[in-house]
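What follows is a group of structures, each given as structure tokens.
The two complexes that follow have chain A in common; it is paired with chain B in the first and with chain C in the second.
So, the complex of A and B:
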């Protein structure tokens, strides 16, 4: 098989998209039931309505803010716990089971507890995002820092880098960066899910709130119009991190 | 020749002793790696250290570099006892020790940036030494894009550009293929003949030990000790003639091999019994 160039891939994707949209439109026209399957044109009309009324921008802003705060807190907590677990075997065996359990538990199952403990305001929503995102970050920090680049630490020391903190950020963290970013990318994907869960199950708000609100009014075209930016948001965040990853990776 | 007896030695080792624990547990057995190592190295001297594997030669170099602490004894650099790595000593590593995320120029400027040199001054100094080792076409390459020999040239350029007058080299050509190694030996000697830095060079290659050295330090193992120091009387520049064909080369090499061989045979007998 001949190797595919970038433009080949782009062409294939465009053909796929065109076929998909055409099939959708035809099916929708035949069914003629806007409630079950709105036509592409109706979805775009709804999307335009959401944009021009400012509703979408407002919701997006709220969601992105929630993501930023949630991911930042996850990164800080994940980094501290990960570094602790990487440094101490005792901490590793003490904490690891709980984090594995948290990783395996669907975030949505924890929402009732968060509601009881932290209420349904912004802090509660942030907690849900953190619960979804913190574990992959912690795991990646732990595994990244556990493979200690002893030789390079010696190199740095021999050329005058002094102190644990300087060695940590000049050598250990930098050497672990590809692993850390892979963890952050995974965490970002989970954070988007956590965000949508928090916005639909705690208190309506952001993109998740839009979807839930229009869903309960059976305005399916608006539901689709809100899902579209949500998945775009997820894709964008993950691909930005992927891009940084490629830039910082050395092979 | 100058009277070297009156001059302060570049490096002096006094009663260096080092033990290692065999495991991390608190009451683990210890093994004596170095015992009472005393040594004095003249300024501008090229000293090679050779010995059977496990004789502690790398440990000794790490102690000289202050990367490891001796249990007893002192490392004295130019009359001053040292306990921390310093700018007078620069190390060249067996596994090259290049940061894989840094380009050639970034690796070479690293020690200067740590010492807060202005960026353009660091760059100029680094470029001069990169040119010296013939890598000016690869300044922006990453280590993984270079061959082993080229990577070690970067390691050498990095050590030289620090301006240190003592080079500590830990089997620097050990991981490089035989032909490239010969070329590297020639380049190193050429640079040394120009600058007369003090060099301590660990090797397990007998030819290399004799070829480069003013004096060869032969170590014995279990525990690591100075067994003998053998002066090498071969004229410089050594690559202008066939050094290996020189009668002194054969004499010194034969002498050291005889000693090394005894150690190796003894070691094997111990292992068998």
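So, the complex of A and C:
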């Protein structure tokens, strides 16, 4: 059996893409129904319109800011809770049940509650992102710090690193970094979903709000044009973290 | 000390439940019992929803769309995944699109689904079916492609026929991947059915949340959220156990 090389696959995929776009364009032109299936050319025209009017940049900026704030807070909270749960049995058995329950609940089901309790300003949206992203970070921090790098700790001790906090920072965290990044990657994917959910639910700001607004005006070409950068945003963030992860893989 | 960490304890979770729910009860009562829904209010609401039959009816509607959509996803996803895995060129070409669709948050696709399928049962079914079918077929394809080379070689050297090869090497090798796909697909299906009920047609458990939101009744929402969480946990745990059962078939 002949093994297919990477360039073979790349070539097939490019041909596939060309066929796919052409088929879409032709089907759409024949159907002539912009509401149900806008043509590729119409979608790109809409995309260009969104870019040149600045609408898309503004919305993306808002969404990315929400993601950054949400993920930063998730990382801080997840780190503190994860470290607690990893190092203390009491904390593990007192906190873990809630986070397992949170992990099992679809974020979308919690959005209306957040709306009622916190309102839907920026803080409410950040809370939705945090609810979506905090659990994978916490779990990964916990499992990363629980595997005790005994030999590394011993070496550090004999070189004069003293105190649990110094050990935590200088040895345990670094030894656990690959696991932490895997958790962060998972969390980033969930954060993008949380962001979209929060923005879509009340048609408020950001790229999710943009899509919802055009959707309710039944401008399908603009809906497609706005979904495209959102998907790209999610894929890009996750693959960047994945790339760092592969570079850092020391074991 | 660390070996101790995993030792189960009944008292600590109970103690923390008492602290959290007690604190919630006190704080909720002192601020606004209607808005912050302390546990006692939620419990009262729950028994009201159960006796009026509203919750059972909603759960039934949700289950119907969930199980039908998931069953269709399994029926379509596994054969499609086998084709994708066996015919690698087709699989390679299709893979990026499936990943892109899978990575797109489903709430933003809702406007397109409204245009294509309306807001009725079919639209909700599609939300359940499509994403879970993608998860199942992508994993199945991976399983078909990743037959263990050592076992394939052994089978070859014993001159196994094609049928024997499929029966004894390829299918058992793919099963752990298929089961993993079934679990991921189920998680997707559960979220899908709730999205459909909150954004398309306000029915079922998602509909209870949506109506609780417009009536400003957090207790009602919490009841529905709890039922969804329990339902999801049961389904996913069952599939998780199945996945672990087949884990050893995966090889190194």
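By our rule, the second predicted complex is superposed on the first by the 241 of 251 C-alpha atoms of A that agree within 3 Å, B and C clash if a C-alpha of one lies under 4 Å from a C-alpha of the other, contacts with A are read in each partner's own complex, and residues count from 1 in each chain.
Basically, contacts are C-beta pairs under 8 Å (C-beta built on N, C-alpha and C of every residue); 3 or more make two chains touch, one makes a residue touch a chain.
Remember, predicted model here, so these are calculated numbers, not experimental data.
By the document's definition of touching, of the two partners only chain C reaches A:215; chain B does not.
Contacts of A:18 after superposition: neither chain B nor chain C is touched.
Within the superposed three-chain model, A:160 lies in touch with chain B and out of touch with chain C [touch as defined at top]. After overlaying the two complexes on the shared chain, residue contacts for A:231 are found with chain C alone; chain B is out of touch. Contact with neither chain B nor chain C is seen for A:80 once the two complexes are overlaid on the shared chain. Greater residue coverage of chain A by touch, when chain B is weighed against chain C, goes to C.
Looking at the shared chain after the overlay, A:31 reaches neither chain B nor chain C. Of the two partner chains placed around the shared chain by superposition, chain B is the only one that A:151 touches, whereas chain C remains out of contact. Annotation: chain A has no residue touching chain B in one complex and chain C in the other.
Those residues of chain A lying in contact with chain B across their complex are 151-152, 154-162, 171, 174-175, 177, 248, 250-251. Within the complex formed with chain A, the residues of chain C that make contact are 2, 4-5, 7-9, 12-13, 15-17, 20, 35-36, 88-89, 92-94, 96-97, 99-100, 103-105, 107-112, 114-116, 190-191, 194-195, 198-199, 206, 209-210, 212-213, 216, 218, 221-222, 224-225, 228-229, 232-233, 236. For chain A in complex with chain C, the touching residues are 4, 9, 12-13, 15-16, 20, 35-36, 89-90, 92-95, 97-98, 101, 104-106, 108-110, 112-113, 115-117, 146, 148, 189, 192-193, 195-197, 200-201, 207-208, 211-212, 214-216, 218, 220, 223-224, 226-227, 230-231, 234-235, 238. Taken together, the chain B residues at the contact with chain A in this complex read 62, 65, 67, 84-87, 89-91, 93, 95, 97, 99-101, 110-111, 114-115, 142-144, 158, 162.
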